[in-house]
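Shared between the two complexes below is chain A, which pairs with chain B and chain C, respectively.
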Partner chain A sequence: MSRGSRIGTVGMTLIFVVLGFFPLYGSDRMQVTLVQVLTYLTLAIMWNLLAGYSGLVSVGQQGFIGIAAYSMFSMSELNSIDPFVSVPLSAMVCAAISIPVALLVFRLRGGYFAIGTWVVAEVFRLLTLEINVLGAGNVQSLTTKNAFSGYGLEVRKNLVFWSAWMLAIGATLTTIFVLRSRLGLALQAVRDDADGARGLGVDITRVRMIIWMIVAAWTGATGALIHINSATVTNRDAFSVASWTALVVFIVIIGGVGSTIGPYLGVGVYWIITEQLKQQNTWRFIVLGALAATMSVVSPKGIAGLIHRWKPFEIFPVTRRLEVGKE
Partner chain B sequence: MSWINALVQGVLLGGLYAIFATGLSLAFGVMRFVNLAHGDLAILAAYLVLSTASTMGVSHVVSLPLVVLLMAGLGYVGQRFVFNRTIGPDPLAGILCSFGIGVVVQNLLLARYTATDRYLDAGSIETSTIRINDSVSIGHFSLLTFVCAILLLGSLQIFLSRTSLGRAFRATADDPATAQLMGINDKRIYGFAMAIAFGTVGIAGFFLGARETFAPAAGPNQLLFGFEAVVIGGLGSLWGTLIGGIVLGVAQVFGNQLSVGWNLLAGHIVFLMVLAFRPNGLLGTGVRT
Partner chain C sequence: MTVLEVRDVSKTFVGPVLEGMSFSVENGEAVGIVGPNGAGKTTLLNVVVGDVTPDVGSVWFKQQNITALPSNHRCRLGIAKASQIPRPFDGLTVFENVLTAATFGRVGDRSHDEDVAVESLVTTDLLAKANSVAGSLTLLDRKRLELARALASQPTVLLLDEIAGGLTEAEVHVLVEKVSQIHRAGMTIVWIEHVVHALMKVAERLIAMSFGQKIADGNPSHVMADPAVREVYLGVEGE
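Moving on, here comes the complex of A and B:
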């Protein structure tokens, strides 16, 4: 570990620890905002792992959010499973569904892969419209009679916060763990030179499949939590490409795609702009979208790339360096 | 008999999707670029037709050529000054840049025109039909769309195979480095290709807007349809794009016949089946990035 990484890791740990006690000292309004920021951070970290490190540029992650929303709803509201228990279960549902999806969309490359994932997400949305138990497209609510029986409003609010907090920490640790493992080494080899990596015996499809499933699971868990928090499932919102993919993609591009701190920087920018344009959703999309499009041309590695150009350092210890002359 | 009518309507609808797909297909063929803003640009063109017609006091049909030229210019400038900068071995930047632009265009349209449904007026041709028998009739406008698709694809085919500029397109597509050595400015060729792609998407936007009502959020669906037409037909095949559009159109109309609400789903499912069983498409040559 370099000195910068050591400081970064300690600093990050401290921030997350302090954040963990937020419900004990913070305001309610801020807590609501933080839940939103933490869920977007989780989605961004995961999308970065997918697109930035594995070359799988998906714009269909809203499909997993929607599936998780409906699976959480059917478990907790219809079958009296505790909603917070349904979060990991929904993650597993998404991971399972991601396998056949991958078998289809992995046949496409680059931009066509992106649109392919979008089509699949659309198919899931249209299918849920046809299922009557899930409301056939009508707004479904989680009620205190079923899903939230036994939960007071205050407890529920804090559990949502801690769940979002744990998801963000888990996503961070997963990324570090994956990138430091053999899998991460294979990913970087594939990213730098796919043919060369294949020649050295890296099974690209297997590596990508594992990442795809991890990201689907984590995205699903986040999707389930988002809808526990809102206590309603609306077809259009649950499968919204704008909310669950566009904003996430913008966060990662602005912060720095393919950089571990990118999602954190990006979510900061997202937070600032969302606060500034509180009541104007349309302009929020215009500003963030324009910023992201500009960034992808001017600095494809985002803010992290700009910082790196000025002063190379790293918060998370994930880069491999060749140290010449050391045995 | 209603199935025969559905088949006819589906084939004609395929013409519209083929026009959408032409630009996608060309941009991918020449520079391996997939423009995720394609659908939103079609909707932008439809709104531009509305605005130019009302400011100049002319009909929508008259303002169409102007909008097509405007879009083509936008395509050239956009490629030269934005998309060309994202070209490289990694397609990531280009994909994400166009995705961002699509979202921005959609929301700017929303801010300027609100979410109200609008439509374009193509004149009396919109409602007149050719009656074949009791259950089958062909709308003049659908027929015009289909003929326009064939003309568009045909002239593009001739342009690519017969003209010197077309030859430069093909040379750049095959091997940009060698084409450059032969004195071709690949960046300029990319600009021309995008100009044509944007022009065709302008035409597609007009036909869409005259066929059904549209709103700022209508773009992404059109992108998906155009993309499906390209993949069903097979990457790298212009006429395959028409076949793909027809297959998609027929699937959607048949789906609608089965159950209302199944039109989109049926189209998507046919696409996924082609992807599963004929990943190179129906007429595909197996060109891959």
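Moving on, here comes the complex of A and C:
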């Protein structure tokens, strides 16, 4: 491991540790913002794993956010399961549903795959409109009578924060673990040349399915938490392509697609812009979109690519280096 | 022992590409396949590795019918191909490229993956570039990498599809040396090549194809002297 990588890893660990104690010393307002930043970080890490490292450019991840929102709602509000327990359970629901979805969309390639994932997400949204027990499209709330019974506001707020914190840490560790494993090698080979990878013995359907399910699960867990935080489930918002895919794609493109550090840099930019353009959701969107578009022309590998040009090192080393010249 | 056998294979794309093509390869042999453009040579190799499914006919490997097996299974059984146009995994390093083949294309003890990968880089003189990103390689190095990846899967039969194409005379010479060296170490080789003099240095047997059919098969100098082969070659290529 190079010196730069070691400093990066230690620094990142420190940041996460300090963040973990935030509810004890930080302001409430900042804590609300941090939950948003951490959930977007998790979504960005997962989309990067899917699109940047596995070549599966999905624009239908909002489908899993929506499914998780309704799954969390039906578990915690309609059946008395603890809402925070419903987070991992919703992740499992998403992983299970992702299997038939994959069987359908994996038949498609490139742009058709992207559109296919979007269509599937939209189909799930329309399906939830037909289910009366889920409110048939009307705004549903998590109430203190059911879902939040036994939870004070303060406790709930802190549990949401720590859950978001754990999801982001978990997503980081998952990325490093996956990319350093055999699976990571296969995924990147499939991304670069699927037929070539198959010719060298890689079962491409299997490796794509594994990463697809992992990402669906993490995206679902994040989706469930986002809606515990907002305490409402609105059909259009839960399945919003703009909020849960477009914004996430912008973040990853600005930070660096196919770079482990990219999502962190991108979410940093997202944070700054959100702070500057509070209350102006449309402008925030326009600025981030314009930045992403510019970045994809100027530096297709984002800010991470610019840094790499200046000084090549990996904060999280995932490249398998061979030490040569000692024989 | 016959390791590889293609039986009566036909394949039609827009027009017929292979028509009742058959050939077999013995263990340890080096077989060259020649023929003018459009004779169906590349399609034939694609049928062998499983990238193309024949309309009729079958492919056998070590007495097993593998016609229905996907290419990743065939690679693990022991068939590997180096293609005419090398397409490395551009985002991975040279070492990671061969490691992919050693890890997924090879059956055996997983703790040897890295050693096998390194060995293939040594054989192809790529060790010094092990940590370079594959997308940055020159054509010759890309061709070397293509060969190294095939070797790292430790195949029984190595298929080479015009790997000398596009190289200078000196580079072809180096490549021929490499292939002979690999063959002398016991590898069974099937080599398609337009650069016939390169092929003649390695192949112990030559198969000539024209319009999807076999027109000659046997001792290289006999095949090249065959009137049918001369007509196809001299007629089409004007050499």
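The definition used in the following text is that the second predicted complex is superposed on the first by the 322 of 327 C-alpha atoms of A that agree within 3 Å, B and C clash if a C-alpha of one lies under 4 Å from a C-alpha of the other, contacts with A are read in each partner's own complex, and residues count from 1 in each chain.
One rule holds for everything that comes next: a contact is a pair of C-beta atoms (placed from the backbone, for glycine too) under 8 Å apart; a residue touches a chain by one contact, two chains touch by 3 or more.
Here the structure is a predicted model, which is why all the values come from computation and not from measurement.
Novice: Is A:60 touching anything from chain B or chain C once the two structures are fitted on A? First, second, both or neither.
Specialist: It touches nothing on chain B or chain C.
Novice: Once chain A of both complexes is superposed, is A:123 in touch with chain B (first), chain C (second), both, or neither?
Specialist: It touches chain B, and chain C stays clear.
Novice: Which of the two partners, first being chain B and second being chain C, lies in contact with A:302: first, second, both, or neither?
Specialist: Neither chain B nor chain C is touched by A:302.
Novice: State whether A:189 touches chain B only (first), chain C only (second), both chains, or neither.
Specialist: Once the two structures are laid over each other on A, A:189 reaches chain C alone.
Novice: Identify the partner contact of A:223: answer first if only chain B is touched, second if only chain C is, both if each is, neither if none is.
Specialist: A:223 sits against neither chain B nor chain C.
Novice: Looking only at contacts as defined up top, I'd like to know whether chain B or chain C touches more of chain A.
Specialist: More residues of chain A are touched by B.
Novice: After the superposition on A, what does A:263 contact: first (chain B), second (chain C), both or neither?
Specialist: After superposition on chain A, A:263 lies in contact with neither partner.
Novice: Applying the touch criterion given at the start, work out whether A:202 contacts chain B, chain C, both or neither, answering first, second, both or neither.
Specialist: second
Novice: Quick check on my understanding: which residues of chain A belong to both its chain B contact set and its chain C contact set?
Specialist: On chain A, the chain B and chain C contacts do not overlap at all.
Novice: Sort out for me which residues of chain C touch chain A in the complex.
Specialist: Residue positions touching the partner: 49, 51, 70-72, 75-76, 80-81, 87-93, 95-97, 99-101, 103-106, 114, 118, 127-128, 130-131, 149, 153.
Novice: Would you tell me which residues of chain A are touching chain C in their complex?
Specialist: Touch residues, chain A against chain C: 182, 185-186, 188-189, 191-193, 195-204, 258, 319-322, 324.
Novice: Per the contact definition, I'd like the list of chain A residues that touch chain B in the complex.
Specialist: Answer in residue numbers: 51, 55, 57, 59, 103-105, 107-112, 114-116, 118-120, 122-123, 126-127, 129-130, 241-242, 246, 249-250, 253, 257, 282-283, 285-286, 289-290, 292-293, 296-297, 300.
Novice: Show me the residue ranges of chain B that touch chain A in the complex, using the header's touch definition.
Specialist: Against chain A, chain B makes touches at 28, 32-36, 82, 85-86, 90-101, 103-104, 106-108, 110-111, 220, 223-224, 227-228, 231, 235, 261, 264-265, 268-269, 271-272, 275-276, 279, 288-289.
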